[in-house]
Amino acid sequence: MKNFLKKLIPLAMVVFMVIAISSCGQKNGSSSVDPINYRLKWLFNISSAGDLWADVNGHFQRQGLTVNIKPGGPERDAIRELELGRAHFGVASADQVIRAVSKGSPVVVLVQLFQINPLQWIYRPQHVTIESPEDLTSKNIGITFGGNDETIMRALLSKYQIGENEVNFFSVRYDYTPFYKGDVDLWPIYRNAQAVIIGKRLQEANDPIAFFDPHSAGIRFVANSVVTTQKMLKDHPETVKKFTQALVSAWIEAMDPTNTEKVIEAVHHFDPDTSPEIIVEQLKITRDLTIPFGDFEKGGQFFGKIDLAAWKETENMMLNQQLIHAPVNIEQYLNVWD
Amino acid sequence: MSQANRRQITMLIECNDLNYRYPSSQANLFRNLSCRISIPGFHALFGPSGVGKTTLAKMIAGLVEGFSGKITVHPDTGILYTYNLERLPGWSLAKDHLADITPHDRMPDLKKLTESFGIQGCLESRFSKLSLGQQNRMNLTRYLLQDFNFLIMDESLANVDEATREVIILQIKQLFPQKAFLYISHNVMEVAKFCKIILVLRSADKSPQITEIKGQNQTDQDIPDHPALEQTMLEIVHAS
Amino acid sequence: MLHRRLYQFFIVYGIGICSLFSIKYILNLSDYVIPSPIEVWLTAVDVFMRYSVNVLDTLSVAIIGHVLSIFMAIVVGIIARLTTGIGTLIKIAAFNIQAYPIVAVAPIIFILLGDGLASRLLIASMICYFPLLLSILGILTQPVSDIEHFFQMTGRMTWQLEVKIRIFENISKLIMVITGSATLAMVGTIVAEFIAANAGIGYTIRIALYQSDLAKILVALFIIGISTSIYLVCLEWMGHMLQKKWEG
């Protein structure tokens, strides 16, 4: 029996490793990057409007690239996929990037998709009044423990010197019932995505809604960005440049109000569960969050700008909350394009 | 003539024109089968394997349906059917089980039967710990303690040695002279020697399918009549 | 029995974690993808006690859910064997309902019952109930003719006796099914906590996932494995004692 185990254990390990290693794609250092795999952070929806637009309108092809856009999801982590060689580019949130960097991940930020974090808190003005951050005191606030909304809310409370014992945190997931029932006063929500759907539903029930925006309260926590690996950047700078240019140009076009109808069509094609009426509202809000410089004519060219100060602030928030144990100097990992 | 034979004989079971076929089979097992069983008496059902002895016994006991023809049973007849593979529940000792299932007025018989069947030493054991022969005797004992008029014993003593089997059959005949038994066995000498009527069952392509042969119906007081026994055995073999 | 189970678990866990570390160093992956052994150790030192409490919380819900599902499966199994029609209906229903992935049904349960103990308990019960029910139905509807025949012939058969005979005759199988379903109960509770509850190790794993902290997940898996092994051993021991007492 013991001899059998002695043979079995190394065999099991070898089999496990062979399967695991063979399931990893080619490392980014290899000569071929065709086709390019691009892993999104979430499922196809309005937050990937520019990515989908690039795919539909041949932006990548025009740069001579073949790109597979793959949807993300709750258990998908684009940075891990980059390291494992299963993806060449990905979308990750700033807290993911900073955590990865703090653990030695060779990740580089190429494009900051959102200039304003779409994460806000929805509330019903008929039930609660939130005119300033101080009004959060004694409210039941929904947060996803471990999520970036927790970090944002804790940073906000700290900034406004509101003790965490002065508010009631409520652990939230996908189910909005506690908010509908009034058990929770403020519920974290992506302003450009679910907020439009939930808001429409509540407004149809004559229940007005409002949003508390941490960005307006001075909390600049960076949201989604396009990332790749340092090795990819070093070994294939042209590919990275072409990909980035294609993606940025596609996003600018997608956010251009003159393309609204076609963008809605493209997004609806990939996200058929969301009606065009909803997508049109989502698109307007997404435009304001990605190009927040007044109107599109003035701000379009600034799409994708890496907001260094906001990144540093995000790093500080995570450091203060001990989500990372030491400064990572995030500016070293931000690839600022001319 | 034995004491049993001097009693009044009554018709107990009458089978008329029985036709039966297993649901999964094309061929008939019984074709126009007719027979009669009287009370009292220790009778036998004899025949080669697969000819339908168990099925016929179960039909008489009301355990098999779906046949044509008629089985007439005496209105007050309590029929029991037992077979050699039966087991007692494993969670209790044999004595506890026997005590549970023995009617109060039959308690004296319990002692008598266990003694005469040679299973008194097994009462403190669980059924699974007994030998196959002991298991057969234990199972038969509990049936004999029930209220019945007609007991079908389907190879109930199959695992008991020949000498003990003889003792048991003779005991049964002595203790239950007013009851009727149908003993299913493959032992031609045993049925010829101890049974009153031997119903010899044959395959459905033979007619008649069942033949009645008068057995020696020997008791413990009778002197064996070897030529007569040999004659009966010959008749059984010819009929089967 | 216990040391054998734990020994088996340590081997499996050891193979898994050594393979992970090997992959990490072969592919030169950062600690973000696969944590280093030191990080796993430091995380274990840091969270072991807290996670152990969480695992105990989960285990207690799993045990209650498991006991409930055993009880329910036996009751329904008994009802189902009374008449063929109801039995068939229950069997079909059990087959169909167990085909639903619990992760799809769980959100509805959380909407109806909230994210407290009741939902965790129900999901834990549901996930192990249907396989249990099918096995128990199989046992309770299968006659043990060699024993039942006497009681039927003599008019002594009652449903209680019939159930007793069938359970007794299949006790080894039943113990195996119950022990097997214990793992399902644990998995069910963790899934429930992962999806929506606010307590237990599943919830803790969820938070660790949000934080992309694989070291915490590896520590959690270790404690879950040990606890589940101990629970299985307890069940096997109880089954063994019951069998010994019953069979003499």
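As written, the chain order gives the labels A, B and C, with residue 1 at the start of each chain.
Just so we're on the same page, a residue touches a chain if its C-beta (ideal position, glycine included) is under 8 Å from a C-beta of that chain, and two chains touch if they have at least 3 such contacts.
The structure displayed is predicted, hence computed values, not measured ones.
> Please work out which of B-C and A-C is bridged by more C-beta pairs in contact, and write that pair.
Output for the comparison: A-C.
> Give me the ID of the chain with the smallest distance between its Cα centroid and the all-protein Cα centroid.
C
> Need the CA-centroid distance for the pair chain A / chain B, whole Å please.
The answer is 84 Å.
> Roughly how far is chain B from chain C, centre to centre by C-alpha average, rounded to an integer in Å?
51
> Please work out the Cα centroid separation of chain A and chain C, and write it as a whole number of Å.
Comparing mean C-alpha positions, chain C is 36 Å from chain A.
> Residues of chain B that contact two or more other chains, please.
As it turns out, chain B has no residue touching two or more other chains.
> In their shared complex, at which residues does chain A touch chain C?
Counting only chain A, the residues touching chain C are 5, 9, 12-13, 16-17, 20-21, 24, 27, 75, 77, 79-80, 83-84, 96, 99-100, 103-106, 144-147, 171, 173-175, 177-178, 323.
> Which residues of chain B touch chain C once you look at their complex with the stated criterion?
61, 80-83, 85-91, 93, 101, 126, 128, 139, 142-143, 146
> Going by the contact rule set out above, which residues of chain C touch chain A in the complex?
Going by the criterion above, the answer is residues 11, 14-16, 18-19, 22-23, 26-27, 29-33, 35, 107, 110-111, 114-115, 195-196, 198, 203, 206-212.
> Going by the contact rule set out above, which residues of chain C touch chain B in the complex?
146-147, 149-150, 153-154, 156, 164-165, 168-169, 246-248
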